[in-house]
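Same chain, two partners: subunit A is paired with subunit B first, then with subunit C.
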Partner chain A sequence: MDSKVLLLMCLPAVAFFVVFNYAPLPGIWIAFTNFNYRDGIFGSPFVGLQNFEFLIRSGQLWLLTRNTILYNLAFIVLGNILQISLAIMLNEIRMKYFKKVAQTLMFLPYFISVVLIGVIAFNLLNYDTGALNALIVQTGGDPIKIYSIAGAWPFIIVLVHLWQSTGYGSIVYFAAIMGIDKSLFEAAAIDGASAWQRIRYIILPSLKPTFIILLLFSLGGIMHGNFGLFWNLVGNNATLYQTTDIIETAVYRMVMSQNNFTTSTAVGLYQSIFGFTLVMLANWFVRRMNKDYALF
Partner chain B sequence: MHSSETAAPAAVEVAAVVTGERSSPLQTRPRTIKLSTGDYVLRGISYVTVSLFALFCALPFVLIISASLSSESAVVRDGFGLLPRGFTLTAYEYIFKAPRQIIGSYVVTVTMTTVGTAIGLFVIAMTGFALYRKDFRFRNYISFFIYFTTLFSAGLAPTFLWVARDLGLRGSYLAVFLQLLMTPWLIILMKNFMRTVPYEIIESGKVDGAGDFRIFSQLTLPMMKPALATIGLFLALGYWNEWYLSSLYLGSSVEFKPLQYHLYNLINTANALRNSVAGSNVSITDLPSNTLKMASAVVATGPILLLYPFVQKYFVTGITVGAVKG
Partner chain C sequence: MRRRTVKAAAAVAAFGMSVAALAACSGGGDGGGGGEGGAPTEITMLVLGDKPTNGRLEAMLEQLNERLIEQANATLDLYYIEWADWQTQYNVQLLSGDDNVDLITTATDWLFAWENAEKGAFLPLSPEMLQEFAPQTWEQVDSEGHWEVTKLDDGEIYFIPEDNFTQWTNHGFFYRGDWATQAGFPDGEITEFEDFTTYFQWVKDNVPDAYPWDVAGANEAALTGYLQGHTDLQTLQQVSAGNYYPFHTSESDPDTVTSWYMEGDELLEAAELAQEWNEMGVWREDALNYDGDTREQLYAGLSGVDQHHTQTFTGGVYDNLSTKQPGSDPRFFYWGQENGNYFRDILTHGAMAVSANSSNPEKALEVYELIRNDEECYRLLNFGIEGTDYIVTDDGFLDFPEGYDSSTDSLGANFWGGRMDEFELPRVTDAPNKQELFDQLDADAKDYPYSTLLINKDPIDPILAAMGSVFSEYIPQLQYGKFADPEAAIAEMRQKLLDAGYEDALASVQADLDAWAQNQG
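So, the complex of A and B:
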């Protein structure tokens, strides 16, 4: 069978991924060298695992891994609870117009740029003119230097993430609820089921497959952080690193402000291998549950 | 239990009479279920919670707009508030008095967004079409080739060195423009959308002797409007919100930065604000720097927010279609 035209139609996309995703792969070698510009990637002296040793001994790798995973766990657990609750409540809304306006407002944070989220945080939290401090002063308190309290930021970052993604994330669960056979609800009503029983015995069980699959895939991605969000909220604020630095922000800073290509490549490689293993595991689990939902 | 079964049809009639509707039984059926106290409580809680959450989502936007309309002295004295403090348009006047920077940024971003979305959409649609064709021999290989890039990547540093140094794209808009053309996820999304086109259409085209490209451009594409709208919007949003690649590859080497990167600089660099408004002849102390940041945020975000209510439904389609496997 002749597939020449179809192959040609794929060519631009294939070329794109070759140039921007496959061609940089040999550059991973930098992780095992003492890279310098003059000698290039393969001319620079080979140092074995020295870059990784440094990362482990300094404790940085552990800190970054811990922060990345803990933030993602908080996002996954709280995010799913809120998304499911919101979807159930949206399903109770009968006024069409009300639902439409509410959804429009709730999806909005997902579509603005992360830079604007940084502006919003600045507006709310800065020491001199922040809306939050203005409120505290008005009610007779002393202003707080939020940008130097490391302990506050896990809460702020999780809150901002939930603000940004709960509305949009609830769509998948809402669609699943809409797909439930209506006769189930009728039968339940006829049998005198309470509102709670309806949620407990009809809605939650029918959301279970969606939930488990989304959960597995988000666990597969647990080594990858939301760079834009963290960077625009925290940026180069070193006092907060202990509680806010994730793999992506550390790598970006190493490349951009320290021109450190060796350590950043080593961290990146560690993240890719760890992340790849997790996705494979997640996919294996999904495949065992329901073949149709497996990625490959 | 039996009594409520017989009561139900009567309730339909009552409901129809009361509302004066002649709707189909399917639509009226849910209304016939008699609500218990628990149902009313749940419904009440739902209305209140959803309202509060929607307000919570909208609140920061009100804060930014109010702050942009406040007077600098009032903000320095009392801080930002939910309502404008000492209403004034000064910050906007500053932006539009010397609009060179912001207009330049707009031109860069609008050009990238329109051209990039058009090209990206065409390439993604072609690829999605080919990968959807069951008779395409390399279908599985190419799918995996594209998908693999999401599983394992070289990471930031090697990619940066490759694009900036070996491809020589440092300081070039192309570094930003090209890398945003497509993502594996959008190609998978397109392939999923293709399933809505009946395969018989393709078969009939083949019977009539049309080539593969003609089947794509004249038979399939016209049926793919919702898919093109959805994927086009994700592409456009990617270009419009772009700041990350600009920070890596453009830095300060271009005069006109893409809009969001321009905003990023205004917020994070002390001098950027002064340079952006009236050249260096304005003293930094005279600048309404706090309100100016907020007004710039409004100007940089504005158009996408105005467009948003009209395109919202396509985002919903995107996530529901994209949630199935690739």
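So, the complex of A and C:
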């Protein structure tokens, strides 16, 4: 009886995934064809792996994969550390009013469109009229050509990403902290535990399952960069590609200018298979360490 | 997205001939209706542009449809692919295969007509069908032998060319005659690409607020402008790698495929000139990330040049610049002016196809016949309603009524697939030297020799995609002079193109060209 209601509640989510994620799966076939409208997806001639060839031919596969993974690792590791610290700090704040205001302020950047962020960054950082360079010139320095320094951009991008996502991401951890059994804290207080000890021995261990689940989820998306952010910050600035080009931006450029549905599907498939393998590996690894923490 | 807006703006400028501009998305017609005598058949025409919201389009269509019902028992509705993301949307719309569109605006050089014809989006049009339902169109195109440029190698006609409409979409610099005069050019006339160095330097020294050339985003105008004027190479329009057209032939050797990116020293010379310009501060240091409206900067006196089509200059820039900057004496320098290396527009820069999924292809042709050949229909669709959308002055010029504001009042029907010279009127906003400029262009222009050449890209697609990504890395940096050592950068780019399979692609294109040349006899 109970499970019926629960299943019913699942239905919208299940329907969503069936319609948008499972039903289109057969369309992957397009990645292996020389597609034409007349013959359709399944009638078009089969060309094997030809659509994957360009990734290797352009000599970029390694660079793109490397950039994508390194950025995501930075996002995941730094992001989670910051989010957890932030959630703990929020939890320690006793002044309700301040807590609410601080939370809201940190939450806000999440709602700013990346398009705007791109514009703001350009107006802060550009050489001719940027605020940063204006400040440097005013104080007697030489302006910096930030949009020509490839080495600076990993820092800028990671920083902007963290600024945008940390407040939002800390909510999950904050909620998890709220869910910790209060009697643990009471017992700790009676035993004379300091604030540090409470964090070290109660909060952090309680956050571990949440952390692992979030980690597993984000590993699945490790091949998927934050396209909007990268595209709006870097755009067509080829000077920065060496350190900023990720699979999505490279593919976007190719597809936008060539309208090639087959190669873009091929790249999407490559990303997904890589991500799938990674999740399976990570999950296997977690399960070996502690069965309860594994996703499946 | 922001970038799309920019692209949209650029696209409007690029393809919005004359004052026609802006227009959005209307629901497709249901295509129903009976034959003659029954309810009128609704024909939907796909056009490019933003759908206008000022009500003028609807008012015009109402009048146009009265006439269409009378003449062909049909009505016309427009379906807009808007400028935001049009390149993707256009192909996706054709790909989706629904039957709500009957007529499709297309073009071989910017709207993927060959690709879509090959992929089966267009209905093959038999001569009998054309003769029966669009006899005047058939006659006019046939009399000039122009059906040849609309056929795939199966010998079928896939679209109707806009072959009787003169336009010049070759590129060049718009610059200011007053500044050029002060920079020491006799009569303010610049005749060589490199001479712009002098002009730019004068702007830099004398107009501190202006950029000599305020230019935004990735393009390669500084390179192609030089290359066109310093080689006799002609770009093969049929094959692109990303946004770049990698293959060329030369006028002196039209049967051999080469590439100005791979051969010769001219690319290096162009890159060195760009480097010099970059060091002078001709453009913003961060031009690649800048996406402002550079045409407005020109009008505001904040940019020394802007670049685009001859058509853009005569149809809008001249009028706007001379009004907004009195005494600026707008001028135009076109790429290849030095050596006559530029081309007339191809006949399929605009064309009309019938959708393979249209339920009423015959009716669609009848409607097309009328909007192309019936002067009343033509004027309604292209100019609007006389008196409210346009007026004709006593001396026969097209003008706008009192209080008309072209930025909010334009009709925006965007019919770019069958305009006719004989129905066009000179416009009061045209550059006064338009005819002179057109005559000058006509005197030296070359005809694109390869209009009927078909290149099979299937076997080289992966190579082209790979080459496209190499270009997108190097060309923007060469264009803006960003490499400290352009010679080394070009060598590196050439090596990467070779690694990507340039030689194989070249051989494949050469083979197609050979086969075509043989057929031509």
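Heads up, the rule we're going with is that the second predicted complex is superposed on the first by the 211 of 296 C-alpha atoms of A that agree within 3 Å, B and C clash if a C-alpha of one lies under 4 Å from a C-alpha of the other, contacts with A are read in each partner's own complex, and residues count from 1 in each chain.
Everything below uses one rule, namely that a contact is a pair of C-beta atoms (placed from the backbone, for glycine too) under 8 Å apart; a residue touches a chain by one contact, two chains touch by 3 or more.
All values reported here derive from a predicted model rather than from experimental measurement.
Looking at the shared chain after the overlay, A:G118 reaches both subunit B and subunit C. Look at A:S148: by the touch rule set out above, it reaches subunit C but stays clear of subunit B.
Counting the residues of subunit A that each partner touches, subunit B and subunit C differ, and the larger count belongs to B. In the superposition on chain A, A:V137 makes contact with subunit B only, not with subunit C.
Of the two partner chains placed by superposition, A:I81 touches none, neither subunit B nor subunit C.
Of the two partner chains placed by the overlay, only subunit B lies in contact with A:F107; subunit C stays clear of it. Contacts of A:I30 after superposition on the shared chain: subunit B is touched, whereas subunit C is not. Look at A:M289: by the touch rule set out above, it reaches neither subunit B nor subunit C. Within the superposed three-chain model, A:M89 lies in touch with subunit B and out of touch with subunit C [touch as defined at top].
With both structures placed on the common chain, the touch criterion links A:A238 to subunit C but leaves subunit B unconnected. Taken together, the two structures place residues 115, 118-119, 122, 128, 232, 235, 254-256, 261 of subunit A in contact with subunit B in one case and with subunit C in the other. Of all the residues in subunit C, the ones that touch subunit A in their complex are 1-3, 87-88, 91, 94-95, 97, 112, 115-116, 118-121, 217-218, 240, 242-243, 284-286, 288-291, 356, 458, 461-470, 472-477, 482, 496, 499-501. Residues 1, 4-5, 8, 29-30, 33-34, 36, 38-39, 41-43, 45-47, 49-51, 53-58, 60-61, 63-64, 67, 75-76, 78-82, 123-124, 126-127, 129-131, 133, 135-138, 142, 144-147, 149, 151-163, 167, 178-179, 181-182, 184, 187, 211-213, 216, 237, 240-241, 243-244, 247-248, 260-261, 263-264, 267-268, 290, 293-294, 297, 300-301, 304-305, 308-309, 312, 315-316, 319-320, 323-326 of subunit B touch subunit A in their complex. Here subunit A touches subunit B in the complex through residues 1, 3, 5-7, 9-10, 12-14, 16-17, 19-28, 30, 41, 86, 88-90, 92-94, 98, 101-116, 118-120, 122-124, 128-131, 133-135, 137-138, 163, 166-168, 171-172, 175, 182, 185-186, 189-192, 194-196, 199, 210, 227-228, 232, 235, 248, 251-252, 254-256, 261, 264-265, 267-269, 271-272, 276, 279-280, 292-296, going by the rule given at the top.
The touching residues of subunit A, counted against subunit C in their complex, run 34-39, 50-51, 53-54, 57-60, 115, 118-119, 122, 126-128, 145, 147-148, 231-232, 234-239, 241, 250, 253-261, 263.
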